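Paired with subunit B in one complex and with subunit C in the other, subunit A is shared by the two complexes that follow.
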Partner chain A sequence: MNVLQQVPRNALVWGIICLFALVAPHALRLPFWVLGVYLLAVGWRWQVYRGRWSFPRRKLKLAMIVSSFVGIYFSYGSFIGLEPTVALLLTAFALKFTELAHRQDAYVLIFLGYFVCLTEFLFSQDLLMTFYSLLCVTLLTTTLVALHQPGQHQFNRRTIRLAFVMLLQALPLMVVLFFLFPRIGPLWKMPTNSHTGTTGMSDFMKPGDIASLTQSDEVAFRVKFEGEIPPSSDLYWRGLVMSKLENGAWSTLGLYSVPAKEARPQAVSTTGDPLIYSVIMEPTNQQWLYGLRYAISSTPGVMATSDFRLISPTPVEVEYIYRARSWTGAELEPKLSEWRRKIETKLPPNANPRSRAFALEMRDAVESDAAFMSLVMNKFTTETYVYTLKPGQLLGRDAIDQFLFESRRGFCEHYASAFVFVMRAAGIPARVVAGYQGGEVNPVNKTVIVHQFDAHAWAEVWIKGRGWVRADPTAAVSPTRIEMGLEEAMESEGSFLSEMPLSPVRYRSVALLNELRLRYDALTYGWQSWVVGFDSGQQMQLLHRVFGEISARTFMAAFIGSWALVLIPVAISLFRGKDTFPMSPADKYYRMFCHRLSLIGLKRVSGEAPGDFARRVVAAIPEETEQVWNITSLYARMAYETGADGNRNDQNALEELIRAVSKFKPKAQRNAGGGLHPPV
Partner chain B sequence: MSSAAERRLVGVFSRKGAKRDHTRRLRAGFEKWVNRRIPPAREITLNQRRIFIFPSRIGLFFSVCLLVMLIAAINFESNLSYGLTFLLMTLFIVSILHTYANLSGLTIRALRATPAFPGQLSDFHLMVERSKKRDHFALYFFWPNGSEILVNLVEEDSNRFQLHVPVDKRGWFNPGRLLVESTYPLGLLRCWTWIDLDISALVYPGPLASPDLPGVATDTPDGAAVPVTGNDDFYGFRGYRIGDSLRQVHWKGLAKGQGVQTKQYTAYADRSVWLDWEQFPGAGVEQRLSHLCYWALAFEERSEEYGLRLPGLVIQPASGEKHRDRVLKELALFGFEGATL
Partner chain C sequence: MSGVKVDINQPIIKTSRGDTSASKNARSLQGLIDGAVFEIGQILLGKEPQIRLALCCLFARGHLLIEDLPGMGKTTLSHALASVLGLSWTRVQFTSDLLPADILGVSIFDAKDSAFTFHPGPVFTQLLLADEINRATPRTQSALLEAMAEGQVTVEGETRPLPQPFFVIATQNPVHQSGTYPLPESQLDRFLMRLELGYPHPKAEREMFQRRHSAAQEIRNPRQCIDPEQLDLIRQAVSQVHASEDLLDYLQRLVARTRQAPEFGVGLSPRGALAVLDCAKTWAAMHNRGHVVPEDVQQVLPAVVSHRLIPSGDYAGDGDGLVDLLLRDVDVVGG
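So, the complex of A and B:
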């Protein structure tokens, strides 16, 4: 085999490490048999290395490729979509490894590996994931380096150093490119990860759904306000509006059940300063976004619905950033259309007769809808209702009756659902709103972290002259929940995150842990807003801030300047290095002596012995005879005598030499004659 | 351009063979330029004047991969994918410096070349040294038509190695420009130079058997012309002199601690033979030289003394490796300008 085509053993081992490092983050998403292919591939290649087996033959390879394709088709049901594509890529990566014989194969393998690293980002852009991917890139680069180090027949840990150093040197340039490279929209639509499940709130709510959501400590979104953060009790993050009650479950109106002329939101007159904030949402695979009422967004693509919510044009598959402004006091929909009124007062026939009777009776007792609303609220405050995550079974046709008049134990969705039912029963338009309430203020970077356990449901009631008004029966039952959050509200019950004993959020009382958690969260926020969410808008802002007016010239200058700034030190560090024949101090001072003589025309020719040179010098400048011989003999002693009596004498001689040379300042002689020229 | 330099370059560039006129002219221009830039020398230190660097085929393939990655980043609007693509791009750029550093500062020294007969391989002994304590990996040396080798400079500061090149015609053989190449550390860039080392191998005439023995020629002054084969009359020992054949060294005596001694055989002392240019009437120059070469080898094989007479040159009869080498060298260089040294 050509010497250039050999794959050193060191590279092979690094390749195996890469193989497993790359597949690890995908392991849970992949069908288990793909991992089997990995083990087989590595096992086979190892046996080939040991000389036990031979490389798979062409027919066998073909069979493996075809069966992998078939396997992936059956595992995913199609080849379209991100997951099957990535699974194919990963399987190809493993199969390529079995036939790794020449350097050319290794190149293909490593470049495929870089692609695999890229695909990891399409699933997660988490900070930790990024570090892991950087590790994978380092490993792949190490394999590439090991491939070019012939004669390394053993695994060499140190190979990673060069790869690491090179990547470190490349990093600053990457940052420059990252911030300067223009962001353009997608060229064509790519397959998306349609196979992963949705997370967070769902557009269908039956009693108990939100309660189960509150068992998760995952972050739903993070908010950064411009200016003061409003008090927690004002942070009602509207996400979904549920107007339809069927079989004891609330759901949103389907897109096509809204008539065309009702589909656009009514104009809202706004007064006063809005709250301005930006939200970074974690992926949900759903379209709806969260905002305080009444929110409008300036982010391109974000749309508003007729029930004053924000939605994204496509499901949120990766971290998504949008900016919004909210006028919390704005009057929403002062005029209710007939269709809307009908929809928002509709109830399933016959269910919950006691609640209906109660509603009609109470409505008759007061003269206005608003008064009725506070009357019902009062019922929750004055009577013994319990706010609990363990409400017991409340199902069946008359679940609301059961809750209102018998068990009186429930979570926010029970209260909201019962409240809206009673309102509707009295003929007042009302609906359930689902979203999040409150959030944790991170003192590190002044963001509001909204967790899944902040999930909440409340009600909106339409009052003539005031439009849609928020009514939260939970606030009446458990004011602590609204003001302090779920953890405090559930303190006596001890049910907060009871299913997640290891969640860091549970240990908020441990100051150090909490500090660490919040710092990491701040880091994540910075990461998401500056790196993951960096877009052309931010880019323009940044460039304006750094360069002022952006012109092609400043742009190019910045580009070239920054590159020079990085590459020149790299070059210097590369070409520096210890001399292979380092000069001893004695040599150094003797050379200085020769240099001083050369200034007055006495050059020592190469190969001339110090003694011969001294003789010539003395002939030329006789008045320095003593000095010259002193230096020469000192040097000769140090250079040629191997001192048996240790270093101390040497040290003395060196000091003497240094002193003698520094004092030696020869002057040129006019009558030197032929002595100035070396004997040839 | 001198004809010698031309000859040297033929070896380098004849691999692909010029087909068209203008490419030939272009190539000639390049050769002229290369010769001016990298003149032949006994030892050559690689610096920016001599080193060329360009993306390798793998580097171009890698660029295509990067382009695909960039398109993926654009289409998925994934900033981290952008980041990864840019990181690999800048890695490519940083590796320019690393690849260049792997070749720069190296000194390649021509040590010696072993003489060879036409059609055989000559061993060119070279040495590569570094001037700074930096690791150099996978230095690839290749002589067109000859052998190739990969050399590392990691633990030691210099490395001696041999390259084998087949030689063709009698005389001095210069193997042409030597390719020194490196793609370390990432293989994405190819850094190379063609250096013209001032090193030549001596090519002896190809031995050619002649039916009649040259010893029968009448003008041999010693008279005792018939070489006797197989007559090993041992005479005695004398102290070893440089040039004595190692085959005649008294190894057993040496092992016993008697010093290096050479065995002497009486038969040859008075049976020296003259190998004479005039012994092959009618033969051409090359043929005569080939016959002379054949007989020189034959007598050396039998450890008999032989002398050489060429027009304008006489070598007194003797034997031993040194003598043989001298004889063969004269034969190899016969007729060339400034041949004798």
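So, the complex of A and C:
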């Protein structure tokens, strides 16, 4: 085999590092046997390199391919979908490594590697993952570089430096391409990762659901307001409206159970300035979005429902950005349709008799619905109700009775549920609203971070003349929860994130940790809004801001122009090079040595040969004699002796030269001899 | 040798390793050369650099041109070189009425045999000392051309090879002296080196005076130091000297400068460049090194190129000035 076509040892080692670096982020998602294939492939190839084994035969390769297919089919039950296809790709990637014989095989493998690197983003677009794939790209480029350094019989760490420099040089072009390359809509539909579960709220709520959600410190969404951030007690992020009570659980109206003429929201008259904000949602695999009361969104594709919520037409599978405007004081549905009234007052028959009786009795005692509402609210304030994450068992047909009159311990869903039940029992339209309440203000970038533990449920009551009014019985029981958040509200109980002892959110009281956490969160926000969420719309906005009106022509001009802007300096630097030969490392370090000496007045004349120069230098600074001669003879050996007996020692001599030059720091002598120029 | 510093006594470069593979052999060669230099130095006092360059020229199989005023020791040096190398030599004093036949030889009709017999001229020797070559007419000068370039002469349609080795050591008076015919460039190019001797150092001159009248110190011919076999050995050592890429880069930068810089009328020919390389290799071998360093090039450069460089009309200096420019401005270190 031609030496030039072989894969050098250095490239092989870098290739193995790449292989494992690329599979690592997928490791938890893959069936364990795929990792076995990786170990087998690398082990085999290594034995081939050592000359112990030979490359696998055609029949064996065929068997490995077939068994991989079979394995994947059995592990996932299908070939369709994101995860099985990625697993197939990763297995093929490992198997390809066993037949890495020639340089062209390595090309295939490396370019496939770049593609594999891309697949990580199908599962996560996290900032850390981006850094990690940059590392992977660097490693792949290093392998590519190593492939072109024949005769590297040792693993060489310096190769990565060259690759890194090359990638750094490519960075400006990458930035230009990212911001200006036309965002063409996807030509294909990405398979969805069907195997990951939904997260966050679900569209039905039974007692205990929200309490268990609050055990998670994951971020639900981040919000950036234009202007002042409203106080925490005003931040009721409506996500779901639950109008149906069945078997002790609240649930939303199915999309198709709403009659066609009720499917659109009623017109709302708005007054005053809206709150304007944009939301970046973490993927939930659900369709609903979160917004403050009466939100309309200008983001294309975001739809509004008849109960004034925002929904996305498709499940949110990746980070999703939308903008919204909210009028918190707007009157919602001042006229209630008959159908709606029937739905919103419906109760399951016979359950919770005490509550029903209580409601009817109290309603008779006051004149208006509004007065009744504040009376019931008053009951929560004045009587001893406890707001707790550990309410005990409240199940069965009469759970609400049990909660209201006996245990009196509950979490927000218990209060909201009981409140709405009492309202409906008195014939007043009411419903449960689930979503998030409050949020953590990140002072670093003025965003509101809403965590899963901010999950909350409250009620909406329809009052004649005022439309739907928000009523939060939790606020009556535990004002701390609404104003300060769950952590403070649960301080005495110690149940905040009690199942996550290592969550960084638990250590908010440690200033340094909290600072770090918030800074990283701000970075994530910037990443999501500027990079992940950078779509054709934002691209147009950016161009519009810079160039004004955008036509196809100005777009092309900006695109090509900025490309030229990046490439022209490259071209100039190529032209300006003294000749087409790059400077050899030995010359470079010898020149560095000369430069250091010139700083103390010992300048080498162009035509001065190294030996002559060294003699002059030694005459001027005798205390450096040894170093000067060492460097000079190392350089002379590399420059004028290499090739005389092969360049075997070249690498070592270079390393020695680099070491010697970097240690060499000559000091000017005060009473130096004739070699020094007189001080100016 | 105006303005060019030839600093022979210093070691060029200390290297950390032994140099040539046959370093023992090389050391004996070194002794040989030192002996020759010493022998000649006994006669031509205080001219060691020139002696070494002259030896270098002969080891590199080149012809030598020694140029200086009359009475500077040109002929003495050439005699001494011939003796030290133990070569058969003839001397031709060039004058304005010398004809080519006087050098090459002539066929004379032999009445007894009724045929022409060729009587070889003084050129049929190993070392031809051509004294005051520029006093002869161009016609005679050019008679030497074929002999110097090809090692053969063609007389009356018949080509005759010259003995090997064949060297020409020519001396000439400076061109501006009266009664001279300057050598054409083509002829100058045939000489590998041109040396100038210059006035002796006062100390050397004093010694010369003292020797003149001391009976004990009779002037003797230098003894032979190097026989033809040893000459072959030296040439073999030269052929093994390595010139690295970096060194060739430097050489090319030098050559390129002579072809591009405005001071130069005519740049160095490829033959001139090869001459520099050959001499540098020889110089390295003479200094017991298996590879060429830039100092070698710089030491031989003035002698090898100064007679080949022609200044452009705008430049006031001569060939030596141009060499100074080259040595000063062309960067030794690449990049």
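Please note the rule applied: the second predicted complex is superposed on the first by the 545 of 680 C-alpha atoms of A that agree within 3 Å, B and C clash if a C-alpha of one lies under 4 Å from a C-alpha of the other, contacts with A are read in each partner's own complex, and residues count from 1 in each chain.
FYI, a residue touches a chain if its C-beta (ideal position, glycine included) is under 8 Å from a C-beta of that chain, and two chains touch if they have at least 3 such contacts.
If you're wondering where the values come from, they're calculated on a predicted model, not measured in any experiment.
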First (subunit B), second (subunit C), both or neither touched by A:303: neither
Partner chain in contact with A:615 - subunit B first, subunit C second, else both or neither: second
Which of subunit B and subunit C A:24 touches, first, second, both or neither: neither
Partner chain in contact with A:171 - subunit B first, subunit C second, else both or neither: first
Subunit B versus subunit C as contact partner of A:147, first or second or both or neither: first
First (subunit B), second (subunit C), both or neither touched by A:550: neither
When both partners are placed on the shared chain, which of subunit B and subunit C touches more of subunit A: B
Contacts of A:540 with subunit B and subunit C, given as first, second, both or neither: neither
Subunit B/subunit C common contact set on subunit A: 578
Sites on subunit A touched by subunit B in the complex: 2-4, 103, 107, 111, 114-115, 117-118, 121-122, 125, 130, 133, 137, 141, 144-145, 147-151, 162, 166-167, 169-171, 173-174, 177-178, 181, 183-190, 318, 531-534, 567, 570-571, 574-580
Sites on subunit C touched by subunit A in the complex: 10, 12-17, 242, 244-247, 249, 290-295, 298, 326-335
Partner subunit C, residues of subunit A touching it in the complex: 578, 581, 583-584, 586-588, 590-591, 594, 605-612, 615, 629, 632-633, 636-637, 639-644
Contact set on subunit B toward subunit A in their complex: 58, 61-62, 65, 68-69, 71-91, 93-95, 97-98, 101, 104-105, 129-134, 137-138, 140, 148-150, 152, 157, 183-187
